[in-house]
Structures are given as structure tokens and as C-alpha cells.
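Multiple structures are listed underneath, in C-alpha cells.
Look at the two complexes coming up: chain A is in both, with chain B in one and chain C in the other.
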Partner chain A sequence: MKRSRSLYMMSIPAVALITVFVFIPLVSGIRISLTDWNGFSQSWSYVGFKNYLNLFTDSRIVHAIKNTFYVGLGDTMLQNIFGLAYALLLNHSFRGRSVIRAIIYLPVMVSSLIMGYIWFFIVQYDNGALNDIIMLFGHDPVDWLGSGTRAVNFIMVITSMQFVGQAMVIYLAGLQGIPKEMYEAPMIDGAGTMQTFFRITLPMLRASILTNVILKLIGGLQMYDLVVALTNGGPGFSSHTISTMINYLYFDAQNAGYSAALGVFLFIIIMVSTITVNKIIGRDDK
Partner chain B sequence: MRRHLTKYLRIAAAAAIAAFHFIPIYILLMVSFKKGSDFSSRWCPPSYLYLDNYIEVLKDGDLIKAFGNTVLITVCAAFLVLFLGAICAYPIARIRSRLSSLITNIVLAVMMIPSLSVIVPLYTNMLGLGAVNTYWGIILILATYNLPMSVFLFSNFIRNIPDELDEAAAIDGCRDFRIFFSVIMPQLQPVIASVLILTGIKIWNDYKYALYFLQDNDMETITLFISKFFSDFSVELNEAAAAAFLAILPVCLLFLFLQKYFITGLSEGSIK
Partner chain C sequence: MKKILASIALIALALAAVYAGGAGEDSNVQTLEFAIKETGSTLEAYEAIVEAFNEANPDIKVEIVSYGKDYQALMKTKMAANDLPDLFTTHGWAVALYGDYLYPLNERNWAEHLLPEIRSTVTDYDGSIVALPMDIDITGLICNDDVLAASGVESRPENLPEFLAACEKIKAAGYTPIHIAGKDSSDVAGLFSRLSLSILTMSEKQNYAQELLDGTFDWTKYDEVGSFVLSLVENGYTNVDYLTADKSGTYRGLAQNKVAFAFQSNLTMAEVKKLNPDANVSMMEIPGYSADDSSFLISGERDAVGVWKDSENLEAALVFIDYLAQPENVLLVAEAYSLPPSMDNAEVTDPGILSILGQIDGSTVTNHFDRQYLPDGMWNTLKVYSTSVLSGESTVSEGSELMRTEYERLKN
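So, the complex of A and B:
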């Protein structure tokens, strides 16, 4: 059916909102990142790419960048491996399956900030649930968040444990989309379970893998809430991520230009990661 | 025999996994029902019935107020996400042109922009607009950043609605906008559920934007309320646990009742 161009009027409100609240800020963010603005004063001057160059010599930020990649890549791997394993297990029908699926998915509903506070009761030094178990085996209690490395590992595990249900559901949908006939031929050939998995199941799940890897990577590289809830970047600056550093530089260090530069850098990381993953796993649009 | 064994092993494994994932909420519940002076292991349920933590956090009304604010913000933002997303999706799903693909790309690009990467200029602009500490400010921000998902899902869905329906309405003399409201809108129910679920939960659980744009105590949302509760060292932890449990209860109940829609919504939204 032929349409008049006036139909596009309907797209205007959404595009206008996105322009005002996303694209204009993005452009002015790039401009601010080239200045020494402190966030509130009237006077500032352009400093060129100084803020960007400083990012890579500032040990706090280099460390935050490392943490961000560690959490982002780690949770992408954990959630995809476990999400797929859970999906394979729940793809068989048995009594109580939907209850189990619901329990695994339930934490996805919870705000990750609140999930972080909940975990405080588990990793707390005094009376924490994890130390109870450690002490049951005769060990001394551990200050779980006392070291940055350990804290970052916890953040990676907690976020994976919370959101693996989402990956699982996406993989389950993918598994259910594989036609049964696909498995018939190899069965006759006498292929083993492993062979069938790698030769049929995995390639057929390409779309689900792509969705899950991109979703988890974008989410993980933006890690913010859990850090705020559990360590607030500490001890020292050891468990900061890029997102929490942006917040710190803007509000606490009052260095808006520097903060904006880190923001632009985070945007570039996420864009490049998304495009790379898309290239590697490839789109399967028919 | 062997087949039965694998079946039971499978159920046992699945049950163990579910129990493992339930640990955080279980521990939270245990803490919230214990007295502050009770230092027994958090794994053990209390031997007494104690509801004071819940009564205490509900008493002064701040939690209720935070709930009210969150409901107001979520309902308004989710409505905008649904309505503006659906009307934006209609032309780009129906017209094949450069403009359509341009709009699609603009909208999809937003999904890659991390919220904190634009926070400095966004906050500055919002201050300039007088939108900090206003409901409309936070509602517009949350709606905007959740629009891409909505436009994406609606345009995929509308493409699968036969064009003949539009044509029939056009012959009856309907103009473009009327066609959308009288023919397309009623068909959208299943995808409306998906969009509401995927974006509604994000809006409800938002913390980053609320932290910046709602600094007025009277306007704080649940996540802000809970974060203040936990960072205040004078607060009794058991009460904080009760508050946290109350905060997550609505979304958990919603999920348990509407489970089917959540799961189909997510799988449909992701596979396309």
C-alpha cells in the first residue's frame, strides 16, 4: 500500500526525545571532555586531548579499566556457559521444571543495587553466611571484600549468579527452535552426545549466542550498581570500574572534563566490543 | 532402570541449582525476621516469631512514600515508552525507505550508549532546563533510554501484521493515524506485554538516573531509599534487611503471577 510521507510525523516524538536526551549530551560530552571544566564554574578553557592522554597514565583509571574488562569478559563467559548448561538440563521435561526455571529466573527481577546489599549479609566479616561455612570447616573467617582483587571476583560472580536466568531463558527458546529432524540423521550415524552437541546444537544456537554475548558484554562493561552497594570502589581505588570512576571524577573530584573524557572512552569501548562480537559470531539474518 | 536413574539425577541437579540461586533471598529473609541481638548463624531460621523489623521500617512512612514515587515514575515512563515506541515503529515498519532505516539506526545506536558515559553533559543540560528534582525530568530520561527496545520490538511485530488490514481500512476512508489506532493498536497486545515487562522492570529498578536527578528526599525512589538505609551506619541491619525484602517483593510477586508473559516476552524479544 502506498503511504504518504506524513506518516513519519508519528516517529517525531521518539526521535526528538532521543535527540534531546542522548545525542545532544553525547556531542556536548565530547566538547566538555576537551576542557578543564570543574562542573560548576563559569570559566573554563580548552585543553585539547590532555584529559584523554591523562586517562592512560592515571593508575587509578588504568586499574578501573582492567577491572571493567575483567568483570565484563568474566561474567559474559560465566553466564553463557552456565546459562547454556542450565538450558540443556531444563530442555528435558520433568515434574517441577517450570518451578525450577522460575526460581533461577527470579533474581533477574531484583534491582542489582539491592542484590549487592543482600550479598552484604553473605560476605560480611562478622556473622556473614559465607564465613559461617568457612568456620564450620575449621578455618578462620575471611574479610571477603578486604582486597580489591577478591572484591572484583565477587562482583563478577554475584552478577553472573543474578542474571544467568536471563541467558538460560534465551538459550531455552533457542533450543526449542531447533527442529527435531536435525537430530535424526546423526542418531542413525551413531554420533555421540558430544558430537551432536558440537555439530548440531551449538551451530543452530548462533542467534541465541550472539544475543547473549552482546547483552552480557554490554551489561558487564557498564558495571556500576554492585560496586556501589558492596565496596564503593574500595579498599582505596582497587575495585572501581569505569562507570564508578566517572561518577567519582564528576561528583567527588569535581573534574567534569576528565570525567566526560572517561565517559566518551567507555562509549567507544562498548561500541567497538559490540561491533567486534557481531563480526565474529556474525549475523544470521535471512 | 538406567533411564529412571538419569531422570532422577537430572531432577536432583536442577533442584540443587535452584536452591543455590535462592540462597541470597533466603539469607535476606532469615536476617529480616531476627532480632538485632540475635547472632545465631544466618543460615538458621529464628526459633521465635519477630515482625518488629518490618513494623519499624513501615512506621515512619518513608518507605511507603518511596514506593509511591517509584510507582508514579514507573507508570508514567512505561506509558511513554509504550505509546511513543509504538507510534514511532509504525511508519518505519510500513515504509521501506532510507528515512526508515536511518530512524532505525538512530534508535538502535542508543542501545550502545552507556548511561554514565553521557552523565556529565546530561546533568548539566537537565540543570539548565530546570529538570533536576522534578518528576517530569526523571520520567522523560527513563522513557528515552528505554525507547530503543520498545521501537525495536514494535517494529518487528508490526512488520508481521498483514498490510491488507491497513488497505481495507484505507478503502473504508480511514486516514493514516486512524488506521494505526483502529487497526494496528488492537493487534499489539502480545508485544505490549513483552515491552512492558522488559522495560518496566528496568525503570522500576533504576538507580543511576535517580541518584543524579532526584536529590530531593521527598522524591526518592525505592532504590535510593534502600541505598540510604544501608549506608547509614546507625541503622540496624535487620531492619535494613526487612526494608530490602519489602523493596523487592512487588517485582517478585509480579513475576510469579505473570511468569508466562515474562518468559515468552524475553524469548520473543531476544530471538528476533
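So, the complex of A and C:
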């Protein structure tokens, strides 16, 4: 009894922090989402679920939701495929392995905002490095970010390549946790590389896959800084994600209630996605 | 255990002594928080004034806090909490955004020296002067005269037909007539805002100023503004990357003598000069609508300082704002941005500013389109409208309909 009481006492700081930084803002956000507050005025009115209903009839928001899912799912897929491939390659001993690992991980340490600006200077129409190369071969320059679809694809690929090192590290840790003995019997029985990979390696990496998919999915769904630096949501509103729209609606459009409704919607999407992924991939963990 | 307790008591005692000493030393000094958005040379000018004020007034200590790019977002958060700095700059929004939070300054001695061109922009609907303007923002177009000359354009266009003819010549000579930095929605909105004045309110032939003011404007007539901008793009008068370029592209284009016009503020001139001090760029008047109309300039608020009406240090804040209003201080801030000062008792000697004053003397001057004719909050609608129309996400008529609904919502 005394022991359980002391355990409860020890959890108080964590509970207090979660209450202050997660629970209260969440409740406050839900409350604001039911109002027409402009974000700075001292007065507002409750409008019920009007903001939520408007979300699905506003073409700009629907487009931002589509972009968010496209970037979130695409980014998760690319990072996991390339992260696992790098990890499998770099799990073998060879000369220069540590250097290659460091090079792949290095972009993770660069801020996404900086990464966005670096890529903007590479792909911009006028004086962009990519166009300079194209022009060297006698072709006309291209406004790479001039099409919304292409801009969203750039965002997805750039973020995937930037954070692939993170996925690689998690997979490397998972690979190194697989006992070597597990490969001995199948090797004696003549199992091929692919069979070993699909029958032993992949199932043993279930925890790493789960961690990576959830982390990357949440990161992708919250995509913000790279978009701001690379396209600022443009051309027009075609490359906005939910996070950049939340910022736009709150601070530029002065529509805090609507912005909060979109924020609550994003929270629900992330929660449902995480629970779903957990159930699908993590169902045999018990 | 006793040793530990004794040590804790000793540390607590020492801290108390330090705190008491500190409090005793500053107990008579009132500290004022002065939040400013401006950076660079304007920030340096404010810092110099504050330093001199603090030396001359030992009972008041002004502390400058520069929020930089996040200024407006932070100020909105502070407004929501009704917890603002004692003094703050209003960056063009003294009346529309901050007016309800500012202390009226009509009774200050310096108020009678405010020039009429700027006095009205910091005066609210009740007639209260809500901020001390330091300078007068004069805006038109940015023009590269070397590109004009190389294209065979003999004089700056004074109306839109001449402007289109000049664009055609510039394009034919291999230059970019107009640079649009479409990555920044404010830049696109600035283009539409300037042309709205030309097409809708500054012409003698076609003038809807009164209808816009009294709310009877037929917004289908706004189609002409959208169509005009789209025609600039369709005729190839803009940069190819007009949807994705940022302002650094405009600066570079003007500095390298590749671009003729930019619908941007005078800050662009300073940025271009940093890249190429010899670039022949200057401010020109915005072309009028028809061949019979004359060109004009826009005048408005740029650097202005307000006092939070609920400040606990209101008296001290007023002492500081009176100090700030002294002619030499007004001149210092105005010269930092090469703009005319806001007071008639500030004597200008800077040749660049004298030249701008000369331009104002011979010109028609009006306020910004949105600040003059649109209700508070519509600048953001203008940004949405202009980027949507320019990118093709909305048709011109859909855009005008958006303007109408937002105008009616915000006006009521």
C-alpha cells in the first residue's frame, strides 16, 4: 500500500506537466473551435459546430487535407523503404561504413526551415542551381514549383530524404538486436536471402517498423516548416498542408475559431492514424 | 543533516540580501517595455534615442524589445490576453488593428505639429490621435530607369495605356517589364491594391470612391482589376515564375538591370542598392487609369508609436513619447528609412528625402486602397483574392464575389 502510494506521488510531476502542456491547451483549443473569435479581440460568440461543418465545404481546406495525407503517407512509405534499405546495407562490415552512416544521418541535424530555403535556392526558376544545370545542356529553365502537384511532390521527397537517416538508425538498432543464431538453421537448410529476409528479418523488426511508421506518420501529418520555406503554400493555396493552413487561418485570416477547428481535426486524424497503425502492426506484440 | 540545513538557510539568506539590495537600488525607477517591429537602421535609430532618454531620465528606464518577423503574431497574442507592452510600434495599423488598445494623444503639445498628410491616418473615427507617427510612408512603383532607356521608353508612363505600351517595348527589348514575387501573398496583394486605386478610385472618368465608402459598390466592377492583372501575365509582361518567385528575385532583377517595374515599397530600393549601388532605381508615381488621368502616389503610416491605454506606467510612457516627438528624434527615425518626417518642425536636409518631398509637392497623394475603402480585416481577404485569381484557382468573377461577401461581412 505504502509502495503504491509513493509510486502515485512520483507520477505527480509527469501528470502536472501533461495537464499544463497537453490537456489544458487541448480543452482550450476545442472551446475556441466553437467560437467566432478572431484571435486577439476581447469578445467572441459561440457558433456551435459551424466551423467544423465549414471545413468540409471549403475547397482550400479540402485541398490542404488531401496534401497532408499525400505527404504524410508518401513520406512514411519512402522513409521506411529507404531507411530499411540503408540499414540492411550498413549492417554489414565494410571499410568507410561509419562515414556513410554519418553522411546519411547528417541532414537530420539541419532544421527543416533551413533545408527548405536551401532547396528553394536549388529549384527556383531564376538563378536556381537545377535550372543552371539544365541550361548547360541547352534546355529552357523550368519553374519547378510553379505547379501545385509538383511542389507537393518536392515537399514529400525532400522531407523523406532529410529524415531517412532517422529511420535508418532505428532499423539498424532493430537489426543488431536479432540474434545471429536465428539465421544459422535456415542457412543450413538452404534458405535464400529473400526467404531469410521475409521470414526472419522482417518479422523480427516488427517493433522498429511500428516505431518508424508512427513517428514518420505523425511527422508527415504535421508538416509545416519545409512548406513555409519552400513554397509558402503556393502557387495560390495549392501546396498548403493542414498545419500551414492552421497558421494561415489564425494569424493571417484572423479566424482563430476556424483555425482551432482545423487543429482539432488534425489531432483526431493523428490519433486515429496512430491507433490504427498500432493495431495493424503491433497486434502480435502481446 | 544540521550542516545541510545550515547551508540551505545561508543560501536563502544570501539570495534574500541580493534581492533586497537589488530592489532597493531600483525601487524608484519605472521600467517601460517598448516593443518594436522594425529592424536594421530604424531599430538602431530607436536604440540611440532610448539610450539618450535613459541617460537624461534616471527615474525611467525604457527597454527596447524587438520581436522582428513574429511581431504581429506576438502582439495579437498579447492583445488577446490584454497584456500589452507599455509602448509599441503600430507598423501601419494604428487605427484598424491597435486603435482600441491605444491611449489618445490629442492633448500632447507635439500634436499640433503633425503634418496633415499623416495626421488623418493615425486618427480614429472619434477623432483621437492614437499614435505618434515618426515619418510619412510614400509609396508608388519601383522603376529601373536604365531598363526603360535601353528599351526605348523615353519617359515614365503616367497612365495605364502608356504603361502597357512601355511594357510592350520593354518585353520586345528582351527585359522583364514587371516582377511579381508571388511566393509572398502580400506582394501580390500590393499589386492589386495599387491597381485598384488606378482603376476604381483615382480616375475622373470612372470613379467608385463614394460607392466603396458608403457600401453601395457593385463588386462585379472589381472584375476589371483582376482582368487587368491577368492580361499583364497573358501578354508576357511579368516574370515567368510570377507565382513562385520571392522578393530576393525582384531585388536581383532590378539590381542586374533585367527588370523595369516592381509594385513594391521603397524598401526595395534600399535592398537593390545593397546588391548594386549603381543601379538606377527610384520611386515613380502609380499610373492613372486613362489617358486623361494623372499619376499619383500613396501616402500612409510606417513608423508610429502608441501608448497602451491600460499601462501601469502610463505617465512615464507619456514622458517618453513626448521625448520621442522632439524634432531631432523624429528626423533620426525618418532618415533611417529615407522617408519624410511627420512633423512640420523637423527640418529636412537629406537630399534623398528632399527629392521625395519635391515629388509629393507636385503630385496627387492618396491613402492605401484597403486602409481607405475596405473594412478592417480585408487586407487578408485581398491576399486570398489576389493569389487565388493570379494562380487560376478562382476566376475573376469568383474572386470579385469573394471580395463582396467579405466586404459585407466585415463592414457590418
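Points to keep in mind about this one:
Definition applied: the second predicted complex is superposed on the first by the 257 of 286 C-alpha atoms of A that agree within 3 Å, B and C clash if a C-alpha of one lies under 4 Å from a C-alpha of the other, contacts with A are read in each partner's own complex, and residues count from 1 in each chain.
As a working rule, a residue touches a chain if its C-beta (ideal position, glycine included) is under 8 Å from a C-beta of that chain, and two chains touch if they have at least 3 such contacts.
All of these numbers come straight from a predicted model, not from anything done at the bench.
When the shared chain is aligned, no partner comes close enough to touch A:I65: not chain B, not chain C. Of the two partner chains, neither chain B nor chain C is touched by A:L78.
Applying the stated contact rule after C-alpha superposition, one finds that A:L34 touches neither chain B nor chain C.
Touch criterion met: A:P235 reaches chain C, while chain B stays clear of it. Contact with neither chain B nor chain C is seen for A:L226 once the two complexes are overlaid on the shared chain. By the touch criterion defined above, A:M156 lies against neither chain B nor chain C after alignment on the C-alpha atoms of chain A.
In the superposed model, A:D143 lies in contact with chain C only, and not with chain B. When the two complexes are overlaid on their common chain A, residue A:G177 makes contact with chain B while staying clear of chain C.
One of chain B and chain C touches more residues of chain A, and that partner is B.
Within the superposed three-chain model, A:V213 lies out of touch with both chain B and chain C [touch as defined at top].
Put simply, chain A uses residues 39, 120, 127 to touch chain B in one complex and chain C in the other. Of all residues in chain B, those touching chain A in their complex are 7, 10-11, 13-15, 17-18, 21-25, 27-28, 31, 39, 41-43, 84-85, 87-88, 90-92, 94-95, 99, 103, 106-107, 110-125, 140-141, 143-145, 147-148, 151, 163, 166-167, 170, 176-177, 180, 201, 204-205, 207-208, 222-223, 226-227, 230, 237, 240-241, 244, 247-248, 251-252, 254-256, 259, 262-263, 266-268, 270-271. Contact residues of chain C toward chain A in the complex are 72-73, 75-77, 79-80, 82, 182-185, 239-241, 243-246, 249, 252-253, 377, 380, 383-384, 387-388, 390-393.
Considering their complex, residues 1, 3-4, 6-8, 10-11, 13-15, 17-18, 20-26, 28-29, 32, 39, 86, 89-90, 92, 94-107, 109-115, 117-122, 127-129, 132, 161, 164-166, 169-170, 172-174, 177, 207-208, 211-212, 215, 218, 221-222, 224-225, 228-229, 242-243, 246-247, 250, 256, 259-260, 263-264, 266-267, 270-271, 274 of chain A touch chain B. Across the complex, chain C is touched by residues 38-42, 120, 124-127, 141, 143, 145-146, 151, 231-232, 234-238, 251-254 of chain A.
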